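Going in written order, the chains are labelled A, B and C, and every chain counts its residues from 1.
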């Protein structure tokens, strides 16, 4: 039982990070139909920037805030310089552009920062808290609470604010949104900025546990993409469920079977789900229009 | 006599393969050339899947992994000649593609992408973890195919890298020949029609599941052969041959060159195989430049290099 | 002997009855038109008949065999072929290749032979090309044979789609607005072409908004409104039917000849 709780807590922590990366995919996908494989680099940039600002003497909270802002700027630039100029290119071409962007950002990080593995101290101490016999890191709670807060704030943003609704309208039907006077280009920019900020926050929250280096982005993008597809691309609740599920499957497999096969278990579950539900867990069947 | 586009493509390829060595200052370049042809072979397979049938795969390196480790393991454990192991690997990959293709190809777009990606990663994980058999992440040695011995027996007097260059050049031509035949054949037309409009193809009697599966199996065999040949060329293999990056590399080659054509495939393979070699002189700026170049090409030539260049040339003519 | 019989056909989309309790029959060589205001369910009906949608109710019989919800490619093998309202031409293939692809069912070849470019495969392609050229000539597109479909005009694409459907040698041809977007001359050509195809014994099911065309060439007309059949009969009866006139013109109907 202690064991089980332990695996649940570590699975939820990793799963929350996956869910945030998947949420980043979903935000950009909804606004622009682009699957942004550079999403993992935002997480890396969030973590690495915080590390270097902190090491340079900036207080941790300020370093984190700056890192999120810098990463959001990178997201906006990515949209303005690489995605917007390629409007109208095929879906695969756009995917390749974001893969190019991800290689590029990794290349920049390796020069601006370095190739070492880094971390910064946990926000509120490193001593595990014991809950029902399972040892839980305080930082795990930060990741879970932080993740929940991000999902909560975005939910309110999209359902309550005018701008949030405009983004949703753009996602539903770009032409119609344009016709009712929504600046769809600005909505795309906003989505990239928002998505990058979410990624960076995930990096800031998780780095004390997972550590970071210039090349962590690729693996995270892969898991985030898989989580987003598991929960149906474009559905924020799907990103949340897909991410947590992926994290839990990994932790359980690592705990009870073999840590070598934790990634395998995750992908076997994804394949099985897609074979039964070809549009993911939260996908709706759509009639073919001809 | 007017030559068909098929014949033209083969002539252009043959001439390029034959003349390129004139510019080679050292044996190292023959090796790069052979690597380009290996990648070109796999990318031609992807052109059949992508360019003809319109189905994406982010996991074809998985089949390369099966091919590569077949070439490494079968001679060691079953006593098969590497050449036979290469074909056995292709049969294995084709069979596996046939089995998993049916459920996977029911998926569309990004769902298809993530399912193929998952398949590739599963192969990678198995190769990486079953260390007693595969040597794990450190990889394992691969028996010699014996090309040099054949060349020497024929008295050709070629160095190993040169033998591989000419051999792979021939294999690439053969791969291109088959893919070009397919393009204008009844099967090729059916593949291209389901790419253009799946619903129309269905109402005209095309069993789309069967045809997608056909393209998937053919491209898996190409990838498997490329994996085997790469392992035999290097004399060594690591699980990275099945890695996600390898799949992405091939997809990028296909799209960069222009996904619908055989010549584009070879062009893309040439650039993305040679470019990283050239960029190594920039040392730590290598990744940065590679990413930048990929982005710039796709932004300014979204149809891929070759079709975009072709369009520019044609416009030049008409003016 | 009827070729196709439709009984009590219905389909719902999210609680909306897009098509409900529709029934009619088509005989070989007969031209049956399905008319109705926009959104009446005509295209949805075609999508059910060609196997693209599965109906929720009712059944479709072809030659006395139940073919309800059969996959499109199997229906095609039984002799059913169609065109599309909003064009499903293979845009990145040439006009000739489009029509050649329509011969799919007649030109089965082995994949191995196709890969190796064996004489059997090449001969098949040459034969198919000859037949396709003949069909292109029939729709006056022989000079566009080698052009990529994406470069053709809308009217030309409409005719190309008919040629492609004919290439499958159908016994029942479903034409979804073949004259939409065509000028008067083109419409007349299509009119003649349809009559010619029917004369060869092919049954034709036609959705068309051009009432002059419909009244002129149809043997039988089925009228849909809000997914239901509101009338059925010969053109002369339909043009006088008050329910039909009301469905088309609402309360502003002025006279019985408005449809002609």
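Keep in mind that, in the parts below, a contact is a pair of C-beta atoms (placed from the backbone, for glycine too) under 8 Å apart; a residue touches a chain by one contact, two chains touch by 3 or more.
No experiment lies behind these values; they were computed from the predicted model shown.
Student: Using CA atoms only, can you tell me which chain is the most central one in this structure?
Tutor: B
Student: Let me check something: if the centre of a chain is the mean of its CA atoms, which chain is farthest from chain B?
Tutor: Looking at centroid distances, C is the chain farthest away.
Student: Suppose each chain is reduced to the average of its Cα coordinates; what separation in Å results between chain A and chain B?
Tutor: One centre to the other, that is 32 Å.
Student: Report the inter-centroid distance (CA atoms only) between chain B and chain C in whole Å.
Tutor: Inter-chain centre distance comes to 42 Å.
Student: Roughly how many whole angstrom separate the Cα centroids of chain A and chain C?
Tutor: Centre-to-centre distance between chain A and chain C: 48 Å.
Student: If a residue has to touch 2 or more other chains to count, which residues of chain C qualify?
Tutor: Residues 52, 84, 88 of chain C touch two or more partner chains.
Student: For chain A, which residues are shared contacts with two or more other chains?
Tutor: Residues 288, 290 of chain A touch two or more partner chains.
Student: Can you list the chain B residues in contact with two or more other chains?
Tutor: Those would be 199.
Student: Which residues of chain C touch chain B once you look at their complex with the stated criterion?
Tutor: 50-52, 71-73, 75-77, 80-82, 84, 88-93, 97, 100-102, 104-105, 107-109, 111, 113-117, 121-122, 124-125, 128, 164-165, 168
Student: How about chain B: which of its residues touch chain C in the complex?
Tutor: 177-178, 181-182, 184-190, 192-193, 195-197, 199-208, 214, 218, 260
Student: Which residues of chain B touch chain A in the complex?
Tutor: 50, 56, 103-104, 106-111, 113-115, 117-119, 121-122, 125-126, 128-129, 199, 244-245, 248, 251-252, 255-256, 259, 284-295, 298-299, 302-303
Student: Show me the residue ranges of chain A that touch chain B in the complex, using the header's touch definition.
Tutor: 35, 82, 85-86, 88-94, 96-97, 99-108, 110-111, 218, 222, 225-226, 229, 233, 260-261, 263-264, 267-268, 270-271, 274-275, 278-280, 288, 290
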